[in-house]
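Okay, so subunit A shows up in both of these, paired with subunit B first and subunit C after.
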Partner chain A sequence: MSASVPTNYPIFAIIIPLIAGFAAPIIGVFGSKIRNIYVTVVLGIQLILTGLVLNTVLSEGIISYAIGHGVPVPSGLEVPVRVVFEVDAIGAFFGLFAILSIFLASIYSFSYLEGKGNLTGFYTLVLVMAAGSIGFAYTGDLFNLFVFLEVTSISAVGLVAYPKRDGLSAEAAFKFLVISVLGGLVYLFGVGILYGQYDVLSIAAVAERMQFGIADKLALISIFSALAMKLGSVPMHMWVPDAYGESPAPVSMMMVVISQLSLYGLVRISFSLYGLNLDGTTLGWIIVVLGLLTMFVGVTMALIQKKLKRLMAYCAISQIGYILLGVGAGLIALKTGAIAEYGLKAIEGGLFHMVNDVIYMGLLFLTAGALIYKTKERSLNELGGLAREMPVTVIAFIVGAGAISGIPPFNGFASKFLIYESVYKINPFLTAVAMLVSVMTLAIFVKVFQSAFLGPEITEYKGVGEVPTKMKISMVILSVLIILFGLFPNLIVNEFVEPAAMALVDQAKYIGGML
Partner chain B sequence: MIEMTKIVRTISSLVYPLTIIFGAFMIMHGHLTPGGGFQGGAIIASGIALVIVAYGSEASKDFFSSEKLAKYTGIGSMGFAVIGVIAIALGYAFLHNYLLGTQLFGYVPDGINQGFINSAGIEPPIEIMVGIAVSCGLGLIIYMFSQLGEVEE
Partner chain C sequence: MLYMDLVTPGGVWNPIVFIVFLAIVGFISYLIYQLGEEDVSPAQGSKPFLSGNPEISKEAHRMSGSNLYWGLLESMEKYYKLMKKMHSGLINDYIFWFLLVIVALFLILIGGSKI
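And then the complex of A and B:
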């Protein structure tokens, strides 16, 4: 069988931005305009490729790709020793949204970061991060997952520290560096245990040979906690407010993508690697408790914040909790058997919320960035009366705030409602906490809206005007997506989320796709 | 960093070319002996560090330039990827060893032999690209740190 074009989409989606990223210093010589067009084109191509991958996966099933082999799908025992990509519906789905988010964030950053020194290195890091995110979503290999985890972490560290604003962003980057290196090593420890036992690294092959002895449980604990740290779940969340709050707005948006990808890695490990053997009730309840803690601590910490972006960072933590709740509850229900139908719905809700969270959290960070861009002020106490000056930003903010609080007709409502309904069957208390957190989120955003946009005009900010067009484009596209997802949730759920959830739950198919 | 004594400078001038040659040896024999692109590149970068430490940060500006080091880091990394992409163009999977068995880079012979550099297919070119990227990348990091600021003494 010769290498047909569709099987090569995944590798091109990684290789093109990688080569382009290394070539960026050479392109950067021709000035910032050409470099911006170059970055847009490269990320645009990558976006199209990820779209094609999703399309292929949905119509033809899992794409598996072995690097270095003469034919794309190798046969026999050779498979597990090669570095493999295995793209199923959920990986392709998250890859698409990760790149969409990075694409819009870069368009925004062209204006936002203009005149802040030499940005060629910044866009090199953006492109490397885009390559790393796709690698993370598509890989079918435990060690490769570690490599891409590190690629995304290191580029994110560079991006957080890039604008030399003051010591704060460097401190945030250093904190994130220490945390992500520690997390990476703990992950590697877990992979080492698995490799020592089974002599293979491909997820499908390890899953097939899994004995689920004491060493495997140890590996699960280290891999799970490393990824939970990377996604900012509550006991390990201390780096999130710094890293999100002190970085430039488009970088905060990319950081949300990174944390969602870690979450994807977490569910991938839980379902595809351990799925069949797993004691679903125990792990499910651990995830649910982590989710509840994350939700509640995040939102209560956000209540007392005065700095706009720090507040949003705590809200981002609390939204992660919803996804953990949905996925954890789904795991419990599926393993219990009696309410398995609700389990699938809960997982769908969690996965749908993951995508929605990337979109509305990104939008909120971008509106915060717009306020900071125009006023140079990070504290909510100093802002006020900006609705007159920035009509597009205020509408985008209302859309984002509505979505994060779960108000119809925005996308947050659709996914939160799925979670509420299905989780209620497992324990009504869980739904009550989730709704309480939503109400508190709404209260927080009403406060932000009031103090930033309403109130008397402040003379300092008179005539600051609206942000540049490139920043508006990104915010408008995200707002439109939020409203579309909110108005037609059934389309998205039926077309994309349900296949993704099915791919996640069906471990046998995942193993069969590779072996 | 300040300049060190004449003895140190002379010795490092003597050792520097040997370090580079040893690093190049490591890179070229990546497919035959332990070591390879990364290790050889790190050895070359240690040579760069030696010069920077011996001659001080001011004088090392004459020897190295951050633009050039950055450019070669990019070229090395791109070269790696391009060698891999050629495999796709030939109809194989990414990084398939398409040179294996050709006249230039054949198979490594079995048993005890003196070591054939022209064997193992795309392995040696890839090691060379990795070597360029690692030596220039690590060298760039060391150079940038040396330029951070003068230490008061």
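And then the complex of A and C:
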């Protein structure tokens, strides 16, 4: 196995959707059908490329890729102006599921947004977001991480604002814009401190030179807090219900990916940048406490929501808490020799839950979208008796609700099982809270199921029927993935999650792969 | 079957064993169901007695989302009062919480000797 494999897949996975995004307005001139095929083909190619990247990384090792060259400056020296990618198993693994999610959300949106004005701008933003997401997952450079974070955030702001529905979506987009800009600037401040200290921006190079003084700790605070806010950690989560709740359903699904990207960034910074220098206990406990707060506040706030998508947004916040709990507990345990094995499993649980969350939260948002699409109603109090009218949607909802509640044999159970078992060894109280939150999540989705699908038929919804095929396709694919991941969790964990977790904890290999 | 086990340091999970177990329970439940009387149908049931009041239509009788978990939510009233105050929807408050976390991290990470 070579330490560094040259291949052009990573750059193509970014460049193709980026160029295609800017070309979309030209393609849009030929009509919506051609445009939709174009978007599907571009995202399909990107999906294949991310699959090839993952395959290459798993079989041959870390992919290092740099474009650019030295630019002469007046002093006679050359300043390297370049974009560096370093793709390891976790980046490749997460990149694949990010694009799969955006791909399915796009197919769903072809029907969901049909007839809602000119959508060429919408798909331009989707393709740019897809490019930015992969750039974020693949980059090995702190500044480019910022650039791709901003690319995804700016496109997400545009997508949230797109429906132009009674000002609410515009307000949500504005709030997300303010939060994104502020988070981005604080992140950039942290990167500036590190650049001032070490004169390099590559994660591997900074990690190698890290002295871990006060300035490095300041940089950690800046970068950590900015990413924690962008992933929706309590108490910095308030923008999430606004952005997820007021945007169209497929955009909510893409927003889950955006939050997970920030979570991926946080994990990457904690392990690959600071890993060897960290004692692990303090930062690990900070992440665990944030995880507990995020789980509990998210689920209790979801319990009192009346609007369907706001309810699901709070549940999405709550699920992020599980991932933080797994990763934080892993960080603590890895530094404690006796339970290091539990630490690795907790991280595996957290990473597996990250992917599962993208899948089942995406599905739940799509089922919420299906209900809104057919009834034009967002309040749970006004829905009811729709199980007879929408059989595919109700089955998809049951699968998604089972997965998020951690009911076996769905995928959410498998990842939660890993987290429960590992975290228990660190402190049983953590597992107790995690299980309580799962029970409350189930209670919430029983409420949604009862309110929306059960009960007598409501006259105005008689004969509304099922959603169009394109919307059904996305929901069915996600449901099948949930069932498959739940039935064969060992395959996913052994083939993909374990190498990703190993890539994360092995900081020396990450540094060696790049330098 | 063992190759399908998801192994953790503390236990094992095998979804196929779980499904087989569910199938057996389902089959036993079906057998018990079959033991029931065949000649009873819902149509033979009498109308519900509502303290002498007339039965309201099924559509008007719907239980909405807000009706569920009323008791639990009442018992957590103080918590929710605090949470609703915290979730004001104002962007100023969003930024306040962000700054508060930065300050807390500063105190813990810079103030503490180890990370």
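The rule is simple: the second predicted complex is superposed on the first by the 495 of 515 C-alpha atoms of A that agree within 3 Å, B and C clash if a C-alpha of one lies under 4 Å from a C-alpha of the other, contacts with A are read in each partner's own complex, and residues count from 1 in each chain.
In this section, contacts are C-beta pairs under 8 Å (C-beta built on N, C-alpha and C of every residue); 3 or more make two chains touch, one makes a residue touch a chain.
Nothing here was measured: the structure is a model prediction, and the numbers come from that model.
Participant: Classify the contacts of A:22 with the two partner chains as first (subunit B alone), second (subunit C alone), both, or neither.
Facilitator: A:22 contacts subunit B only, not subunit C.
Participant: Which holds for A:97: it touches subunit B only (first), subunit C only (second), both, or neither?
Facilitator: Neither partner.
Participant: Classify the contacts of A:450 with the two partner chains as first (subunit B alone), second (subunit C alone), both, or neither.
Facilitator: second
Participant: For subunit A, which side has the bigger count of touched residues, subunit B or subunit C?
Facilitator: C
Participant: First (subunit B), second (subunit C), both or neither: which does A:65 touch?
Facilitator: Once the two structures are laid over each other on A, A:65 reaches subunit B alone.
Participant: I'd like to know which partner A:187 touches here: subunit B for first, subunit C for second, both or neither.
Facilitator: Neither partner.
Participant: Just to be sure I read the superposition right, which of the two partners does A:397 touch: subunit B = first, subunit C = second, or both, or neither?
Facilitator: Touch status of A:397: no partner.
Participant: Look at A:38 in the shared chain and tell me whether it touches subunit B only, subunit C only, both, or neither; answer first, second, both or neither.
Facilitator: After superposition on chain A, A:38 lies in contact with neither partner.
Participant: Pick one for A:244: touches subunit B only (first), subunit C only (second), both, or neither.
Facilitator: Neither subunit B nor subunit C is touched by A:244.
Participant: What part of subunit A is shared between its subunit B contacts and its subunit C contacts?
Facilitator: Comparing the two interfaces on subunit A, one with subunit B and one with subunit C, no residues are shared.
Participant: Quick check on the complex: what are the subunit B residues that touch subunit A?
Facilitator: Against subunit A, the touching part of subunit B is residues 70-71, 73-75, 77-78, 81-82, 84-85, 87-88, 91-97.
Participant: What residues of subunit A sit close enough to touch subunit C in their complex?
Facilitator: Touching subunit C from subunit A are residues 174-175, 178-179, 182-183, 186, 212, 214, 217-218, 220-222, 224-225, 228-229, 235-236, 238-239, 241-242, 274, 277-283, 286, 297, 300-301, 303-304, 306, 341-342, 345, 379-385, 408-409, 413-414, 417-418, 421-422, 424-425, 443, 446-448, 450-451, 455-459, 486-490, 493.
Participant: Help me check something: in the complex, which residues belonging to subunit A touch subunit B?
Facilitator: Of all residues in subunit A, those touching subunit B are 2-3, 8, 11-12, 15, 18-19, 22-26, 65-72.
Participant: Could you pull out which subunit C residues touch subunit A in their complex?
Facilitator: 3-11, 13, 15-16, 18-19, 58-59, 61-66, 68-69, 72-73, 76, 79-80, 83, 86-87, 89, 91, 93-95, 97-98, 100-102, 105-106, 108-110, 112, 114-115
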